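In this document, chain identifiers A, B, C and D correspond to the written order of the chains, with residue numbering beginning at 1 in each.
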Amino acid sequence: MIYFNCDYNEGAHEKVMEQLMLTNMEQTPGYGCDDYCRQAKELILKECDTKDAEVHFLVGGTQTNTTVIKSALRAHQGVIAADSGHINVHESGAIESVGHKVLALPAEAGKLTAAQVENCYLAHISDDSHEHMVQPKMIYISQPTELGTLYSLKELKDISEVCNKYRLLLFVDGARLGYGLAAPGNDVTLADLARLCDVFYIGGTKVGALFGEAVVIINPLLKEDFRYIIKQQGAMLAKGRLLGVQFQVLFKDGLYMEISRHAIDMAEKLRTVLYDKKVAFYVENRTNQIFPVLPDAVLDVLRKNYGFEYQARIDETHSAIRICTSWATKADSVEKLCQDLTNLL
Amino acid sequence: MIYFNCDYNEGAHEKVMEQLMLTNMEQTPGYGCDDYCRQAKELILKECDTKDAEVHFLVGGTQTNTTVIKSALRAHQGVIAADSGHINVHESGAIESVGHKVLALPAEAGKLTAAQVENCYLAHISDDSHEHMVQPKMIYISQPTELGTLYSLKELKDISEVCNKYRLLLFVDGARLGYGLAAPGNDVTLADLARLCDVFYIGGTKVGALFGEAVVIINPLLKEDFRYIIKQQGAMLAKGRLLGVQFQVLFKDGLYMEISRHAIDMAEKLRTVLYDKKVAFYVENRTNQIFPVLPDAVLDVLRKNYGFEYQARIDETHSAIRICTSWATKADSVEKLCQDLTNLL
Amino acid sequence: MIYFNCDYNEGAHEKVMEQLMLTNMEQTPGYGCDDYCRQAKELILKECDTKDAEVHFLVGGTQTNTTVIKSALRAHQGVIAADSGHINVHESGAIESVGHKVLALPAEAGKLTAAQVENCYLAHISDDSHEHMVQPKMIYISQPTELGTLYSLKELKDISEVCNKYRLLLFVDGARLGYGLAAPGNDVTLADLARLCDVFYIGGTKVGALFGEAVVIINPLLKEDFRYIIKQQGAMLAKGRLLGVQFQVLFKDGLYMEISRHAIDMAEKLRTVLYDKKVAFYVENRTNQIFPVLPDAVLDVLRKNYGFEYQARIDETHSAIRICTSWATKADSVEKLCQDLTNLL
Amino acid sequence: MIYFNCDYNEGAHEKVMEQLMLTNMEQTPGYGCDDYCRQAKELILKECDTKDAEVHFLVGGTQTNTTVIKSALRAHQGVIAADSGHINVHESGAIESVGHKVLALPAEAGKLTAAQVENCYLAHISDDSHEHMVQPKMIYISQPTELGTLYSLKELKDISEVCNKYRLLLFVDGARLGYGLAAPGNDVTLADLARLCDVFYIGGTKVGALFGEAVVIINPLLKEDFRYIIKQQGAMLAKGRLLGVQFQVLFKDGLYMEISRHAIDMAEKLRTVLYDKKVAFYVENRTNQIFPVLPDAVLDVLRKNYGFEYQARIDETHSAIRICTSWATKADSVEKLCQDLTNLL
């Protein structure tokens, strides 16, 4: 069996593992106050082309989203998100569990528009009864989105402008950020994110690390006492250097982008076959998640040798599935799937 | 100016006020452990045709909804509601502030259907990734709804059946319950609610009391330690007898229904004029909230002498408004408005 | 039976009731946005000798404490309180339920000292591991305390100074404030509180109102969006004018102080008898709560005609009890108890 | 420099690292639903001599405590703990952040007694006003405690009996459990814990793993939907197999006990020197934390070559410090410190 179910089926990139082995018996202070973390932060800030940001390392995505949002919002404030946003559907109510409403908006291909955000904000605050409604204060978007699509620089700028206009906070979930940065047609860089967001995170769990997400805080107001909230959320790793070591490896000599590009290359190979066969897509994108619509009969055959996610029923004989590539996807596996697809379609 | 803005513009029914005056200097124990509360509870249980239920008196609606939901749900559970439901839009995120997601469903005229509820539940729990989603555990509906519509006994039974099938809890917000019970065509009684719900409340604030809501708990599992949660939510009135006194008056000799019928009579008078003039309605109902669509020019004239709520823009020259009658609405005021409407339309 | 159990056994002062009757059928906007509230706020600000403060009316004490603390603190911040403080022992964990630790300090006669507060703060923040501990941010004290004692102006100034030094917030719970202001030897005025605190509240429930507490917010940072939190906590009364009407009556022509002095006069009459009989006190104070230590045999006799609270066992034959007077205590009742005590002791 | 500051200065035991390397590129399902987790759970259950328990793997201690307590308690319930308990002092208010009061009791050498627990419970529930107080529902103890002391089997049984008597839940924090199990004089086994507790956890972070804690749930009531709460707390590791792999190694062939015994041997070596030199102890114990009281002059010298934690000032010239050994402590390092101590004292 070859699994294309998700981008966290394997462990970590071999260079990450090597460095974890190499540093294993060193003694360092705990909780992220070690030299590996310090160095990793510097590498990340350099990539983001900023000196003023703060970088914090957390373990996983739900944890990171909850910690950032809890730290940034007052009790009566909510966070605007796409209805398909991870915080809205797949975090077991983590955001609500820390007291905040997710103001979910219907999203085309997983993306919010600046106009939507502005309208939602105005609808909540112009009214006499605004105090009876949640106050929208933060915009949460994912880059790439949960459906693999990307915000263009223009789209991001427009949203950022709305945020500035109404003093809203822009938070970008980059759980799969590498696969966005490496995608054909992407025009958003880390430096752009650092310029346009108040806070964002660079995903490691899905992009070469055993685990770990790097939160980059730009807005000075969001920096104060952030480590308290990390600790309170149970998100402060005792052996914090494990995160520093991993991100140092990933951000030295461009490894993060190199392995991200590999995942994209693998995805593009699969897309070529699917395009050739005139396969329709549930949603079109160029990142590491592929959502082809395939005949159920074909899927039945594929299931014998491949793992993938069922996405949605399209009609009586067709379903959309999700195929994920990642830093760990082997060229052989993709080659094999390409051939099987070619034969079956 | 005559205000038809809402059903809480005035104080309390004169009989309520009289009894509060009469008992004012009596000494009673605090926190609802007095004879007036005891007697009021008995009167309510009698109307509900049950002996096993528990009755608790709280001060206001948001407080009551939050207390009931907080007491009933575990941390990972959410409450299904109409998108127009009070807990979803007009309680400043109170439900989320105690940790629970409101799973809002698009609602036709403010009402959920049994099929919607079932589909929502199944979508959340059938999947492999159900643990990554909020677990729906309670259904919240309002009778009448926020748009003045009513669930029929059949509709209520259907929803109740779905709840029983999946061990979901049914909670009915009766902030305006009297106006529902008294509405033409209503076939749901207090005894029906006590038979079909796990918990519901009978609104006093909008129906003759200075303030106060009577929570009726049917499901034994929801009774345990409920008073702790009332206290923790700041919802336990020190002079609890104020609530007992008021509900005793309202539920003695049928006053609650008598004054509710008055509000409905007043609303029906207004509807007759509007029907005569072929006025369209934003939503049709027979309770104490009327949602006519009127020419903006007419509204401009009306605004000089009458208060009402702006509901929505319908087209370039028409808007929907909300007119509320209540136990306190004077026949004269309605007469005057009827004439003005007749003249203007 | 005559009840001296607490200061909320009766309804409201007759003038309050009269005004509620008089204004009962007037139509006003809801949620505290009416003229009665506006006028009551002005009267209170005048007594506080300030123009910059904001006044908000809430229904009860637990609700008020929770709303103020929730609004003021970030998630990782805690509130320092006496171990006997109301928020620490008698609010069913309301403060923790909104996420904040009560940092309880052992208190002599219910009072914190400036030195205690400073030491507690420093112990929490000087350490390397401060991020692993709750950050103290607010000091909660009650005036009078739960044991009827009072902070002197000097003591209050010292605490306020510590707060300013470390940017801590000072919050005074004035549930029984009138009885403190009217006590012999008190040297703290409303204007002092307005000058020295960040926020405090003036209790109505225990001092002449049916219910209601007036929150006075001095610190501009605490004013922002406070009404959202009131609403979210279920603490925004629909018929808010009920609170305005009551506080307007209480703060017009000095009624609040007049009835507070009455309660103190009643308490002092009882104290005179107890002093004459050389009765010991569980805690000494001059406000409306009296804590005599009496022989159990005497208590057994008293219990037949009087209600009071059992406070603590002192030795095998003696117990401390709490006797409360209030605005509603009748001179006759006190006279009768004085005579019975004289005879029994 | 040699660090004796804590038991998480290094990475993981070499066998753990080897197995992580060996399995690194295997494809497994995420979120702990893999074979490594399954096998590790079986090994743990065997050691606990039970078949009915559930095992869940989480990442760290604060996270684990919060998840267990949040899952087990209703909103108005609190957890009794020693005032020195980790959840009371060193988790940044994590327990309060999920809504629960920590009812801290003064603890002799970090330990609660059965009598204390019973008295605390009775004080909270016997009173008329019990609904105004937090309801104690869970007892949290650490084995070993934060001060390295151990509950004897007799002490544990007594506490367990009180819990059964009042239907309280017993939760044992075993962050350093191995070092307790391996300590001289310990008479509590994993099987005892499984018999006497409702839930406990076996620490990995401080005992040979890179990170990870194994929660063992005995009480069936606590099993329901536990994974939802793990996810909601951001404690569900995407690559859950990392935890399974580690615990499998630790619990195969007795490695967990073997490395725990090593840490104890190292500590006992140090204690022998200190005993010989008649050094006093801040608290006496036989686990991996040593709390000697040493002259400040000696500490100044030691600081040049060794890291340790400052615990408390004892008098003008003496301080208590904490020295930690662990699975990773080298015999050489201990030998060196022993000699330096011998020379200096």
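Here are a few things to note about the model shown:
By our rule, contacts are C-beta pairs under 8 Å (C-beta built on N, C-alpha and C of every residue); 3 or more make two chains touch, one makes a residue touch a chain.
Worth saying up front: this structure is predicted, and the values here are computed from it rather than measured.
Looking at A-B and A-C side by side, the one with more C-beta contacts is A-B. Here the CA centre of chain A is 42 Å from the CA centre of chain B.
Chain B and chain C have centres, each the mean of its CA atoms, that are 34 Å apart. Rounded to whole angstrom units, the spacing between the C-alpha centres of chain A and chain C is 50. Residues of chain C found to touch two or more other chains are 75-76, 91-93, 97-99, 131-132, 228-229, 231-232, 236.
Arrangement of the chains shown, judged by which pairs touch: all-to-all, with no pair of chains left without contact.
Here chain B touches chain C in the complex through residues 1-3, 5-6, 8-12, 14, 17, 20-21, 23-30, 59-67, 91-94, 97-98, 205-206, 210-211, 228-229, 231-239, 242, 307, 328, going by the rule given at the top. On the side of chain C, the complex with chain D involves touching residues 75-76, 78, 89-93, 96-102, 129, 131-134. For chain D in complex with chain B, the residues that touch the partner chain are 31, 70-71, 74-76, 98-99, 131-132, 135, 225, 227-229, 231-232, 236.
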